[in-house]
């Protein structure tokens, strides 16, 4: 779902980086990083632990796992499989024991290519709820394989309804233990597009994401835990223009000072410059997005990789069972 | 939604015809017919008025309007417009005053061409609920234009849920006054395919359609009236084979008797012959359907015609207001 | 491409079986069979070696390889991979040295689910011609990996042109060494649907397939060898009705004779019975096909399996190179 | 087809405006304008008459008709019809007598929403070539209604071939009198997106469009006249950033001078400023485009409007025949 304009990122990683640039530690936010150089996969976990941290980051308290892999959207099936397994590993951890019945929600608009990620992921899932309910678990199935159901609700222009209304009605009627929402995200920078998967236990929180937002899709609004899985496929057009102009102003300041002219730009203070930039950004841009020209190929690979990750995670109800000393004994 | 095999038709018109062939009047069933020779549109209204009639017809008590037009699926926009208006007229009558808020449900599988009618119709609707809720009615709008919302729930193999569960949850959450369900139907004969629209106030009633069916989508299961609009786009494969074989047996009986041989076939009684036919029908056929090779073009025209009919009916909240003495005074 | 009615099969295997039933050996036709019980894959190679054999079979002289696997269209990726490899093996053999440049043609109508196989296969191919022409072969590429190009021409109702005209124009302009045409086929029996891949070096030959057919897509019409790969996804509606009725008549004859009544049906000779059956088959049926209700899932799996087979075959320009003593020396 | 980056517009109208801003008349370029205030349709015809004009405009010698209508992509069928008729009028004029056989080419990528305009237009055309060839003209047809054929060639990433190769092959094989190419365009400004149709008799000329371009689709490369019909649906991401930054620099210069500081920015000359801007534009942006979030709805309306325009123009082979004294005498 692509929302209204603001200087915006759906990635906790990018929200943190804006502080990092200023070499500031944010209280209430803890970060772990793990690099697998051989597989070229970098996993970062941002824990937002306090309301103070949430306010600073503009995202609710919770865990945000980011899997970055530069070749995520190139055609290399074996590599995609490794990413699917990394995703499955984190999903299993977050899901814990809550896997008896899972409703997967494919958010977004199937008719707009970069927004079709959610619907496409649902199209490749192994749906089992109706089979298990009619025939019971198959002999080959794991003892506790969960019932998987799925819905592609569509966007408000297609349905006339808030997505929350649709999901809430279905959740109340079918009582899943947990909801997994798949969505295309907006990044701040084109560098992260189509090479980053974010998994969070906080659900979908439009806007600042802090506070009891009317249309959030999360445990508070649905009554069951909501895990969100997303990939940034677009950058807001206004954001990209704003950011490049900020760089231009910074660069000009540097040039000016290098030229020891003290001069002009210094006389426009920071606030005046921001104001000037905002005024120059066409209001048209607020309803526009930026995306790569090969987004069709990219979304095809990404959606397949995420579906596989979910299929692995949801068919394996006992992730620890292979470990001889593992598990519950 | 294409269901399990049985000698089956979703058209009340065809159910009635099987009696007509035997020149039998069914008690509790009343029929009106209206032919517009110039426009080549024939409208039949079957009223099933008693439980006795319902049992005989295999369809619940209610009204079944059938619009037949031979060129419904040929590319002639002006003609399509006339059919849309005929459809709108009947919809308005059935809707009556219940048009403040309407949920349109596009049943069927968008990935199987003849079953994509419902999803395609929803794709061309004017969705207004979110606009009216945010901005109020536009100056140009009729005073009481209804809030139109819509959903394409998908089929059980895609969702793992009964369609009823999905619709019920959404209805309880959004409280429409009435549901209109659009669906591709199965006819008994290829002659009716893609040239017949059925409108009924009884909703969707799988199987025999009589009795409190678990997965019916009707007023009883949803709590609000359900109008169903459908076009037959397939014939069950087993039905088509059965029917042709019944004709073959009848023909052979005639040939035999014409030959005054009294003979063989007479010795197989009616029940034995039916039994033989049933045994010859491959069980594979129960999961198969018959449809025309140009079904893509056909579904495109039909879905557009039905969308237009709905758009006309739902934008006109006061169908009688032009009549000076009309309406409620 | 789904053609005009006749009692018809596109599978050489089924053409042969009609003789087998009568325990007749067809001169000029040689058959090899190979069963892999463990993998449940059965491969049959029909060699039509003489014009006499071609006339008897209703198919041109050439080789017809049929891979049968009962679970071909169930969701089991490892199994699909084995079938892809079996397909690749046979393609490599037929292609031989002609792999420097290959044009893959996805025949059929992408808007009719069972006919979308060809277009869907092309959608998953690794297309390399433009890359090799611009950048040369990549370091990782095999030395002689071929240039792969592809086209989805559409059907005549969409283009107004014979498919042959389109392909011929493109072949003359781009000069591939060989054409591989992917197409959905019609089987005679529902038993073979969606579980059989046919590979032939004779191209696409509509109708009887013998003689210099105007719209055949083969070496004669294109000037380069044409390999056709197809899967039966439909049965002609008239064929299925005809066949069941033939069985009914046979069964009635048996019943009659069992009853030692000698009688009636005997008095209708074979030709009269066939005539009666033909007359009962509605002419509507000639434009109709029969296909399974889950054809969307089936075509998704099949097209992916075939794409993979092609991707393996076309990226491997030297299939024998791993064998130390291998090759042609 | 969305090409490589450069500060770019496919609209002759925008190319001219950059001169207008400087109040410069371009020699060899003549402009006519016609406003229909009531219908809110503004038509501009740019005639590039000399090689000098072509060089200045960066577009080949020829006629460029632009139809602008602010509500082109809002849901108002009667208004769309008026635009279709305006389009048909201009097409008829350009086509003149060359309408015996027309090949319509739907350029672009059907899987990327803003680039699907061409394929979608072809999907709604009345294709007649095969019907006329098989049955002759229908009684209702105009005596000289042309044979309409169509192709959707796909993009190079899908086919491995230059679009020109595909079209050229088909043209040589089927010999149409004229080609009409439909394509999604890139505008310079978001203001023109989805509200402008450009019709030109110069065909498709990528890049500067002047000179004998390798992959142009025009009379020179195909041997028959090529009419191009396009709608701008995207802006190159780098263009939008560049333009906003140019405005920022201009604005800062003004602010600076207003502050009578003479100063800093003046010391960076025009060329230095352009250089700085170019360096700040991320190379990522060269492969990105900007498009509105509701592009799915927009392309649906636009493609339908253009199809209708073509259907009107191509079914009417004698546009002047109703005029009693008609013709050009």
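Note that the chains are named A, B, C and D in the order they appear, and that numbering of residues resets to 1 at the start of each chain.
Note that in this section contacts are C-beta pairs under 8 Å (C-beta built on N, C-alpha and C of every residue); 3 or more make two chains touch, one makes a residue touch a chain.
This structure is a prediction, so every number in the text was calculated from the model and none was measured.
Hop distance check: chain B to chain D, minimum number of steps through touching chains?
Each step joins two touching chains, and the minimum needed here is 2.
List the interface residue numbers of chain A and of chain D, divide the shared ones by all numbers used, and answer same when the ratio is over half, different when under half.
Looking at both copies, the contact residues mostly coincide.
Express in whole angstrom the distance between the two chain centres, defined as the mean CA positions of chain A and chain B.
The separation of the two C-alpha centroids amounts to 42 Å.
Hey, how far is the Cα centre of chain A from the one of chain C, in Å?
One centre to the other, that is 44 Å.
Give, as an integer number of Å, the spacing between the C-alpha centres of chain D and chain A.
37
Among all residues of chain A, which ones touch two or more of the remaining chains?
157
Quick one: which chain pairs are touching?
A-B, A-D, B-C, C-D
Please output the residues of chain A touching chain B within their complex, sorted ascending.
Result: residues 122-123, 127-131, 147-154, 156-162, 165-166, 168-174 of chain A touch chain B.
Of all residues in chain B, which touch chain C in the complex?
So the residues of chain B touching chain C come out as 2, 109, 111-113, 157, 190-191, 237, 240-241, 244-245, 247-249, 251-252, 255-256, 259, 261, 263-265, 267-268, 276-277, 280-282, 284-285, 287-297.
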